[in-house]
Amino acid sequence: MFYIPVILGTVRRNRESSKVAKFALDCLQEFDRVKTELLDLKEMDLPMMEERLRFRDDAPASVIAFSETVKQADAIVIVTPEYNGSYPGVLKNAMEYLKDEYRRKPFGIITVSAADTGGILCLSALRQMVLYLGGVPIPASLLVSRVRESFDSQGKPADPGMAKRAKVFFDELLWFTEAFSTQKKKDSSTG
Amino acid sequence: MFYIPVILGTVRRNRESSKVAKFALDCLQEFDRVKTELLDLKEMDLPMMEERLRFRDDAPASVIAFSETVKQADAIVIVTPEYNGSYPGVLKNAMEYLKDEYRRKPFGIITVSAADTGGILCLSALRQMVLYLGGVPIPASLLVSRVRESFDSQGKPADPGMAKRAKVFFDELLWFTEAFSTQKKKDSSTG
Amino acid sequence: MFYIPVILGTVRRNRESSKVAKFALDCLQEFDRVKTELLDLKEMDLPMMEERLRFRDDAPASVIAFSETVKQADAIVIVTPEYNGSYPGVLKNAMEYLKDEYRRKPFGIITVSAADTGGILCLSALRQMVLYLGGVPIPASLLVSRVRESFDSQGKPADPGMAKRAKVFFDELLWFTEAFSTQKKKDSSTG
Amino acid sequence: MFYIPVILGTVRRNRESSKVAKFALDCLQEFDRVKTELLDLKEMDLPMMEERLRFRDDAPASVIAFSETVKQADAIVIVTPEYNGSYPGVLKNAMEYLKDEYRRKPFGIITVSAADTGGILCLSALRQMVLYLGGVPIPASLLVSRVRESFDSQGKPADPGMAKRAKVFFDELLWFTEAFSTQKKKDSSTG
């Protein structure tokens, strides 16, 4: 059983990405061997990062809970809009609290845009950050363009092609999740 | 007279970049025709960005003040540490509130690092964001490596070479500031 | 009179970007005060860069000619397809020969893609390189998506919106070209 | 047994990176289960990319040989200098010929610089390209600063710390190589 939470990387009013996050949760639940959950930055309400968790002895409970969740994850999905050619500040702020929690974990990144470019600059920036933090962005991508029209409020995609593209994306994520999990078990058995 | 405020892009406890911000203010004050001021994100205490300023009718006073300041600026200096190969979330969050305020303004970016790489990945990421927002990052850079040892608490650099490099950097910033100001005046006189 | 050559950044067989380069030349010729010219990497046929021009005393004539042209330019337009999320190797190779020739010159970058993303990752990568080399990428962009259908063989755009977007883009390029030229004249008169 | 070739990404005269490539080959040969080999772009002498290999029926023998080698590789090491804040054009040009050959293969990237920043911008740019091509850059990095002094002509590092850092880097590369190989075997046995 793999635990793969979905981080929703925006706290914007009327954010459209929440529909895509719902869709991602649905996709993950199709896999028998996956347990998933939404990590909504709006509900988590992490304060501005004054110091990384491992250097604090007065950390907010919300940050500790975030750390525990990421620690337990076998892989992580991020659903995020692109703001000004990159990730939202609120998402970067959240990611900054942790480090070792990300180590050798595959990241599936789904970017969302109101325009035609599907948030590809945000994908690019997030991949850099994930690698820097010790995680592994998978080469597969899932770009969502014109999000307003492309998903209904329940997270159902208007375009049937989206479900197909999502299948390829999540299969790829599972491939890496399984590869890394197997290798980690081998490590601990020989350790 | 040019107004060139200095944004300090971190709210971290014991942040070392504040020494570099002091240094930047000193450098700018050497120019007779420059008026400067510190915009400290810690004091400004902007909330997580729920919507851009131009789409809000309930904006916090701090955000409105930030907008007014940037609007009046002829150029902008950013002093910021590099976190995880990019800019701090808190800085991205602040920048996201505005857009037209940045238009055709030169940005001088000073990046700060505890390591040897001088925050060059942060420089690279900030340049992208600035261009995306309509501002113009100048080609000159001022990288600060091993900040702990390289500046004292008053913002005096330990290495005399730093003052020289800073001179080249700020002269270049002024060159662009003057070029754009002259052109804007021409626009308004023919407008 | 401003001299603004157009670099075509690909040597691919059946390259579609040459249609966009034609369009760019047409747009520039609309300005009375602009002289333009195509710099086609295919015709220039620069060898793989073994050493930068300024360190060679056995430089190929084609490289010397390229240097002379860029030196005379008041601004530079690049028209290039995106390959694998970045610029073509052949374009990077050409740019590497020079450095001071680019200093304080505005770059208008037009990216071309067969897909929907308009080559925006290539734009992003080129902007970084231009800044690194001392040039100034303008904040305006001109993205060409689905190039096969969007331009005819004479370089006429299928979508009338493209001409409008191009007008904004080239006006912006001229604004920067004029701003920098004025400032350079001031420099030399006070020098 | 894993086959992990080392690509040397420059054809510059007097290139210093060749010393680092020697060092990388030595490091890989320390592993009993690794077979390695140098792929020197200078010797390979690939022409400017006019079309990707899979779309050509008149491909040069050198390109076909490159494809075969990468196809057989279990992982790939790239040793490359940074030119103008990115990878050399000649390296990008070589990479562009192929695509499926890179799929799900770990890439260990070693960047080389004459300056203090260790080629970190080149690392960043290469990671993006590798992901785009379907490969997987490992999160570990090996930056070589001030290459002229830091390696002798036989590829022996001056700083003993380098050997330690290299050990961590190559162990990490082997971890991913083994993880992916195991998973691929599982695929083919259930296929």
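In this document, chain identifiers A, B, C and D correspond to the written order of the chains, with residue numbering beginning at 1 in each.
The definition used in the following text is that contacts are C-beta pairs under 8 Å (C-beta built on N, C-alpha and C of every residue); 3 or more make two chains touch, one makes a residue touch a chain.
On a predicted model such as this, the values are computed, not experimentally measured, just so you know.
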- Count the smallest number of chain-to-chain hops linking subunit A with subunit C, moving only between touching chains. 1
- Message: Tell me which has more C-beta contacts between its two chains, A-D or A-B.
- Response: A-B
- Message: Among all chains, whose Cα centre is located farthest from the one for subunit B?
- Response: D
- Message: Between the options B-D, C-D or B-C, which interface matches A-C on more than half of its contact pairs by residue number?
- Response: B-D
- Message: From the mean C-alpha coordinate of subunit A to that of subunit D, what's the distance rounded to whole Å?
- Response: 29
- Any idea how many Å lie between the Cα centroids of subunit A and subunit B? 30
- Which parts of subunit D, given as residue numbers and ranges, touch two or more other chains? 85, 121, 124, 128, 131-133
- Task: Quick one: which bits of subunit D touch subunit B in the complex? Just the residue numbers, please.
- Result: 85, 116-118, 120-121, 124, 143, 145
- Message: Give the list of subunit D residues in touch with subunit C in this complex.
- Response: 11-13, 48-51, 83-96, 121, 125, 128-129, 131-133
- Note on the structure: The residues of subunit A that touch subunit D in their complex are 103-104, 124, 127-128, 131-139, 175, 178-180, 182-183, 186
